[in-house]
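Each structure below is given as structure tokens.
One chain, chain A, appears in both complexes that follow, with chain B as partner in the first and chain C in the second.
Take a look at the complex of A and B:
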């Protein structure tokens, strides 16, 4: 009886603190949510296709018919930004998933098995020593360009960062008595890692995932810009900018709008990540 | 079964300190019969928790079992391969920890944590495990168990969490339960309830319980036999009554004087001078020599052997023959 009455005010307090103290979380979440929504609903928001050309409408500035203007083939930039967002965000998501899966598994092993710690982490150090973009370029050079390879290259490139964070928090969680208690009740190492260590070590990983997402969107744009991303004419934010760079002085809108999309995505993800970190870290809790 | 349920002899646990090594548990013998209630008493650092961990093969990496044997139900646990030992943990021998707040996984419901053990060892289905968990929660006195199994640890009080730990430990009807300071993190009234619960469950299920604590009066209210440890060595073992009537080791005498001082309400509490030495500073002879009021020169040089005072009373003190009669407690009889 009593726990029902105490439960209600508790949830209300959490909600209040979400709205009050964690405004970056809120703003970042809303902006990012809108971007995701726009990218997902792209086909319904515009009647044109991303590869529909119209030679009559080349280099038209922003207008009601073409809010973001048109490019050198008369393609509607807004349509391309919306469709490109679809691809760019999916690439970001896939990179995050790969980096998180690899990083969590590798990091948990390093944190839990002291014998594996040094060998694993030195390999991760080596991986991290390469600049992410160079590593991705090298992998793309080996595997060839294309969406899957970009995803794979970036996912592998970001895995060491995640592994480092997971290892650190697994080391802390492994000292907790419930891990010893689980061992004392006969749990296997796999069971301890999967059900006891990883779920309790995940908070900093979630924060890291937002930053990796932002980084991956930027990296994909950079890779597409230099031509090793998903090949044209399929739009991504990166290759729309690449297409427009020749006309930067005469038709700045071609590069400006996809650039703005990247900027807003990265900004909102960083706000989201900062907000999450503050919300999940008990040391950052505000007194009062 | 012929022998005792658990028989530990000459148990020695060595801690590596850089290049040096110290025996933090040195040559300890004890045994537990089926259905026995053994109390192990000692200050922090006396090695009592390490004995518990050694029984389950869970010593920290810096420590190793260097001598001695652990026989459980005739099987040498110290020589068992890790995966066989794992099957024994939680099923035949289980353990309750000191801090119920940290001994439960915060992100899994309490009911799920108990059922997990049941599914692992008894191969029960989810539904069966759930029903058994509810039953276990009821058995350990958790009200409204059908609702409580959905609670996360943070939704429970300390006493309730310790009851969950006990339910988890008893889930597979073990034959030996090791309770390492199960009441230390709880307040006094809850301590009493938990000890009463352990006593009741022991009588109902016939499980042997090894209760580890620094709190001698608490242990005395529960255990039939008490082993007193000091700095990794066995000081004195006796039936609980004997220990209080005729404590024969100076350390036991000191402990009992402290405990009785609390009850008598005298003005100044008797205390044992000094502290337990750190493992790096363990004296060469009797480890209690640095604090013993009856210390002789020889004590600093010679390790006192364990001597039998009776069938179930053993003491490790060089001056046993004199000191057993100079007990600080006025008494008319000495047990055999």
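Take a look at the complex of A and C:
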């Protein structure tokens, strides 16, 4: 009985703080959900393939038949944007997963084992001295173009940021009494890290993952734009823009629509991240 | 003060060392025979061997790492066989373009970002706040290369206000230089502007809620003085930190923006290095950018103790 009565106000408080932050969370969630849905259902939304060329229909402006127009090969830009979204979003997701796994592992080690802390964090310092995008450009350039290499390059480049957050949280939680109690009752380090420390660091990591997703979509687009992303003819948002750039003055639509897609995706993810941060961290909410 | 600066300078040495090693390791990831790749497809075996020995690739990696680090200590960034000149020469030649671009974009981002942030904080929860934060959010969300292309389309092709690309040296024509830099600097600065204004707003809100602000208001100080002389001064330290951090965003973004506006800066040099598999140029460029980032942050740290006498790190 006592358990129930203390649990009830807690859940209510969480719900209240969610309600207070619902604006960005809601808008971001809805826009992002629609974009994911469109990218996932892309093949069913359009009868054309992303690499179907039609020389009769080169450089057609937006019309009912081609809502986003056609490009230099007569390919339907809307189809390419939908299929490109598929690739771009999957790359973003894979980057988030890799960055989170690496970051959590490295951060937890640094936070939990005092001897490892300094060496690990100095390596992270060095990694962060290279701007993320630059690090990714260098890695992708060296590894060669390809989806896997882009994912790997970005995932590694974003890991230090996550590691720093996890470490900070682990440092605090590891000092608390329940961790000491767990250790006293014979729990192994691995168990303490996995069941006590990492779950407690999860909220800021989830917020960070949303922002990394947004950043990764931008970075992948930039890599594709400068020609070291996933190679054409398979479309990504970035390489459609790179394609269209040559015809910017005569056929601006090829460039405009994929750019808008990136913009909306990143905008919705940033809103989602802001909303999640406010909902999960009441201390931040007071400020904003 | 000078002792503190010296101490900070010394503490930067291990980071610089690690950065140099990281750049070295990245370049070791090149698959296959780097010398053969650099020499090109119709090179003779002798030519490949010559490049291999010149680059030191015939030596074991510890020796190469030592050569690289000791070279760096003397300002030697290696030699590019494709450009046929030392990497440092090529970088120094391109530096004015990138520095113009980065400097102007940071200036724009700082002025615009701090103003928007202050406005949003002072008029908290009003339409001004909402507008400023929408602008900031759009700024951090828009892909800069696309934004640049849209800018070219509207302001160069449509209105004819600015050239669509190319660099004019300030020695040649100051106004031409400025006009050629407006679009690239705005393009590059937009994301930074968004970050700075979002951050400025939250720091200012925090300061405006403090007791000393209420005291200043209670004693009848004008609103402008409370904000400018009290709150902003205290908010400045975290804001400067963020400006220092965004420097890295700016340098990486420069690679993309220089490509959009055909500016022959460090970024484009590195991009060409990537395309031509000119690995020494890429490695040199990486280290120059990372070093400059470390030094900017050092400068920020030193600025703290000058801005806020309470900050003493020893």
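Keep this in mind: the second predicted complex is superposed on the first by the 262 of 288 C-alpha atoms of A that agree within 3 Å, B and C clash if a C-alpha of one lies under 4 Å from a C-alpha of the other, contacts with A are read in each partner's own complex, and residues count from 1 in each chain.
Going forward, a residue touches a chain if its C-beta (ideal position, glycine included) is under 8 Å from a C-beta of that chain, and two chains touch if they have at least 3 such contacts.
Keep in mind that this is a model prediction, so the values were computed, not measured.
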Based on the superposed arrangement around chain A, label chain B with chain C as either clash or fit. fit
Kindly classify A:270 by the partners it touches after superposition: chain B alone (first), chain C alone (second), both, or neither? second
Return first, second, both or neither, reflecting whether A:176 touches chain B, chain C, both chains, or no partner chain. first
Where does A:233 make contact in the superposed view: on chain B (first), on chain C (second), on both, or on neither? neither
First (chain B), second (chain C), both or neither: which does A:142 touch? second
Count the residues of chain A touched by chain B and by chain C, then name the partner with the higher count. C
Kindly classify A:200 by the partners it touches after superposition: chain B alone (first), chain C alone (second), both, or neither? first
Tell me the contact category for A:187 with respect to chain B and chain C: first, second, both or neither. first
According to the stated criteria, A:134 is in contact with first (chain B), second (chain C), both, or neither; which is it? second
Which superposed partner A:119 touches (first chain B, second chain C, both, neither): neither
Between the centres of chain B and chain C, viewed from chain A's Cα centre, what angle do you get? Round it to the nearest 10 degrees, please. 100
Once superposed, minimum distance in angstrom between C-alpha atoms of chain B and those of chain C? 15
So, in the complex, the side of chain A touching chain B is made of residues 3, 114, 176-178, 180-188, 191, 195-196, 199-200
Residue numbers of chain C touching chain A in their complex, please. 14-15, 18-19, 21-23, 26-27, 29-31, 137-138, 140-146, 149-150, 152-153, 157, 201-202, 205-206, 248-249, 251-253, 255-256, 259, 270-271, 274-275, 279, 282, 286, 289-290, 293-294
Applying the document's contact rule, which stretches of chain A touch chain C when the two form their complex? 122-123, 125-127, 129-134, 137-139, 141-144, 214, 218, 221-222, 225-228, 241, 245, 248-249, 252, 255-256, 259, 262-263, 266-267, 270-271, 287-288
With touch defined as at the start, can you tell me which chain B residues reach chain A in the complex? 56, 58, 61, 86-91, 94-95, 97-99, 102-108, 116-117, 120-121, 155, 165, 168-169
